[in-house]
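Each of the two complexes below includes subunit A, the first together with subunit B, the second together with subunit C.
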Partner chain A sequence: MKLDDIARELGLTELTPKVTGDREAEIERGYASDLLSDVLAHAPAGGVLVTLQVHLNVIAVASHAELAAVIFAGGRRPEHDVCVKAIAEGVSLYVSPADTFDVVGRLSALGVKGNHA
Partner chain B sequence: MEHLAYDIQSGDFGGAGAASRDLKQHLKRIGAESDAVRRAMIAAYEAEMNVVIHTEGGRLEATVSDGQLDVDVVDRGPGIPDVPQAMREGFSTASSEARALGFGAGMGLPNIERNSDRLRVTSAVGDGTRVSFSIWLRPEAADQGARPSSLGIAAELCRDCRHCLAACPTAAVRVRAAQPSVLHHLCVDCTCCITACDPGALTLLDAPDGLAPGADGVLAVPPALLAGFGDHAVDTVLQELRGLGFAEVVSVHPYEDELRHGVFDLAATSALPTPVISPVCPAVVSLVELKFPSLVPHLAPLASPWEALQRDLGERDVTYVVSCPSQRTALLAQQPTAQRRTVTPRLVREAVLPRLAARRRAPDETPAPQSQAAGADDLLVVTGVSHVLAVLEQVEDGRLTGVSSVEPFICDGGCFGSPLLGEDASVAAWRWAAAAGAAPGEARSYERARPYRPRPGIRLDPDMAVAIRKLAELDAETKALPGKDCGVCGAPTCATLAEDIVMGRAVRALCPYVTPEEGNAS
Partner chain C sequence: MTPPAIVERALAEGLGMIAVCDHNSTLNSAAVQEAAGARLCVLAGMEITTVEECHVVALFPDAEAAQAAGAEVGATLGQVDDGYEAFFGEQRVLAADGSERARETLALATATPLDVDAAVRLVHDHGGLAVAAHIDRRSFGVIGQLGIFPADAGFDAVEVSRHVAPGSPDEAQFAVHGLPVVHSSDAHFQCDIGAARTFVHCERPTFAELALAFAGARGRSVGDA
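Now for the complex of A and B:
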């Protein structure tokens, strides 16, 4: 499943249309957590993260964990400087009005798997 | 050699990550292997965040040589009163501000430990903390086919008995501070340390979510599992395995037979040097690639039975019951798609045993075993790691004549002898032979997808000049050690400790026979 398809299926708002990463890349795995150390330890490279955290450190963590995209759940929006940083780091950001549980459920229904499945 | 230094400000959540990001760029530029870069970044970032969250500020210094990354993070206090407590996952003293940002979950130091190859934390209350960790860049970087490992380590079960040290055929296991670890560049994914580990600290990685049969799911099993339930006939076992919710249960054994024929055919064409070595056991293949690179041309370029079965099952939803780490690694190396998962025999046994027990206990008739189907007279089947090593030595020295093909298995008794199965190897093999013709299936052999490649794991350095210098150091270091091979240092022999010291994985002071003065000299 490609990022654009996921965004369309889940009705996500894209915050970083300028990210020029590999938009054709398949997103096979995902992770959901608000503990950034947990994200670092367990999030799958190339995957998508669902989180409530919207501050700048999320981008650093996403970049270090080599994540392709971050979906902010619960309609939470980051500050502008976070989006600028994400574009620089090549991480796509999206917002969903749905809460974490529902976002993950829909991703799962689209075939995005957890870390070990 | 490259030296980098970064100042880290206390409470600077916005600036945190700058040091680790810059470090990442450096590591990529020297061509470090991507997994090592990722681990280095996570460890460095956690160390950086620790300084931001907990301290009065500090400094991160990194030294990159071609072989390893050494990172030293020193802060200006307040220090950690109880370092072992801080190393435990879940323990945290972070402020509510840090917690609100998603930090301070007590995972920082454990995360650093998990992602580094060596970690030392020293702290003085009121003075500050020094976190030093190292990540080996070279062995993985030099090994093009850096493979994931399938060996699971449950350190909390380790009794520190160190039986695993002597059991490993490639001296890849270390036990330090009651923590077993494996040098992945030396590991061949066999079962020797698992066999040696009574408490079960070393084992085969399982699927984390257990046995989850899908509606159209296939369960792929080794024959040893089918024949491993006492007097329950193979057909009965097959039936109850399907009853767990699988649409189909297939055994890998027809692929073992096909591979044997494929090897015979190759031996007959004399396209390969004789004896032709069968790739039936991926652990032996790995052993040859690592320790007997001159024998790589002897390996038949065919897929292992499990790999061939995997090809035929295509995109179906398959759960593979693998009986050793090497099979798991081989399966997962082939396009790890979401449908492919491996589980341990134990998981399946635990699921199916109640079903078998619930059946009426009319013992199934065991027919008299038939004699083993006669293969070619000049096939040598060799099982058990010491025998495999002896035979490979003989082949390498050209002393093994009259044998056209060798079928080597790391486990004593072949795949029936894996320590991860529930039944004794001889009994299970006898029952399987008795049930000849059970679980019939079609199979074929396939060419290998990945070519065999000598593994450079035992080279001291990819640069020959450096390797030669290290060899001299190794010589001197070995002479300085007592030669007792006692294992107290956590390495299997004095020679391996000497190598650990030269490669920066250990210090001489670990040896109980070395006086403190001598230890400091190293």
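Now for the complex of A and C:
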């Protein structure tokens, strides 16, 4: 499933429309965690992260873990500088009003898998 | 733990300076300072829980600055509800003789809405020093919560728990941020006091000297005995 399709299906608000990454890339894997050390250790490359953390370090961690996108759950919006860094790093950012459980459930229903599926 | 008991234990452990750092509160600092008198330097501090669930240890120049910072942090917290004390314990505000003055009704065990940068700013605004607490721990340390040390936050020092031995390779990995590494007991019980300690090369045990040591200024430093 492509990022644009995921965003449409989940009703996500995109924060980084200027990201010029590979919009056609298939998102096959996902990860959910608020501990960024855990994200660094376990998030799948090319995948999508669902998190509550909106600290600037999310972008450094997402970039290092080679994540394609981050979905901030619970309607949490990062500061502007986080979006600027994300655009520079080519990481797409989205906000969902739904909480983490619901976002992950809907991603799963769309066929996005976790590490052990 | 009562102010007199804390002071006696610290003196018995041979400590020259301690900091009182209740979670999100500074209400007990002055009482411990009073109990210590001139026998022991007691810094008024606070352990702030940020919105990312990182712990930031704040050390203030005096009780007044601490109270002002504590009031600012307290204004962000909600009230305790039924069952809070049963789970988190009693939040007693003590006098210098150990008697109970009041019960704090703010939910000190919860996270504040302050992010790490804002917490460090708040501490600095009140003339304090901001220390990234127990950065070796997986929970509530800035590296555990944020994955990477937030170099731009403006911390004055990093703290490691008693599980990291001074001079060990473990300690060396936390010195890479260019900040002094302090060892603290993070004592939650009287018997923990002195379980870890930091050697500070300075003229006398005061906040001002500690600030110089953190900055590595005028020959002061933090490090080996």
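Just so it is clear, the second predicted complex is superposed on the first by the 117 of 117 C-alpha atoms of A that agree within 3 Å, B and C clash if a C-alpha of one lies under 4 Å from a C-alpha of the other, contacts with A are read in each partner's own complex, and residues count from 1 in each chain.
Here is the rule we use: a residue touches a chain if its C-beta (ideal position, glycine included) is under 8 Å from a C-beta of that chain, and two chains touch if they have at least 3 such contacts.
Note that the structure is a prediction, hence the values are computed from the model and not measured.
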{"item": "Which of subunit B and subunit C A:L40 touches, first, second, both or neither", "value": "both"}
{"item": "Touching partner for A:D102 - first (subunit B), second (subunit C), both, neither", "value": "neither"}
{"item": "Partner touching more residues of subunit A, whether subunit B or subunit C", "value": "B"}
{"item": "Touching partner for A:S63 - first (subunit B), second (subunit C), both, neither", "value": "first"}
{"item": "Contacts of A:E28 with subunit B and subunit C, given as first, second, both or neither", "value": "first"}
{"item": "Which of subunit B and subunit C A:G111 touches, first, second, both or neither", "value": "first"}
{"item": "Subunit B versus subunit C as contact partner of A:Q53, first or second or both or neither", "value": "both"}
{"item": "Residues of subunit A contacting subunit B in one complex and subunit C in the other", "value": "34-37, 39-40, 53, 55-57, 60-61, 64"}
{"item": "Subunit A-facing residues of subunit B, complex", "value": "13-14, 16-17, 20-21, 24, 38, 41-42, 45-46, 49, 101-103, 105, 107-108, 111, 114, 207-209, 337-338, 341"}
{"item": "For the subunit A and subunit C complex, residues of the former touching the latter", "value": "34-37, 39-40, 53, 55-57, 60-61, 64"}
{"item": "Subunit A-touching residues of subunit C, taken from the complex the two chains share", "value": "52-53, 115-116, 138, 143-148, 150, 152"}
{"item": "In the complex with subunit B, residue positions of subunit A that touch it", "value": "28, 34-41, 45, 51, 53, 55-58, 60-61, 63-66, 111, 113, 116-117"}
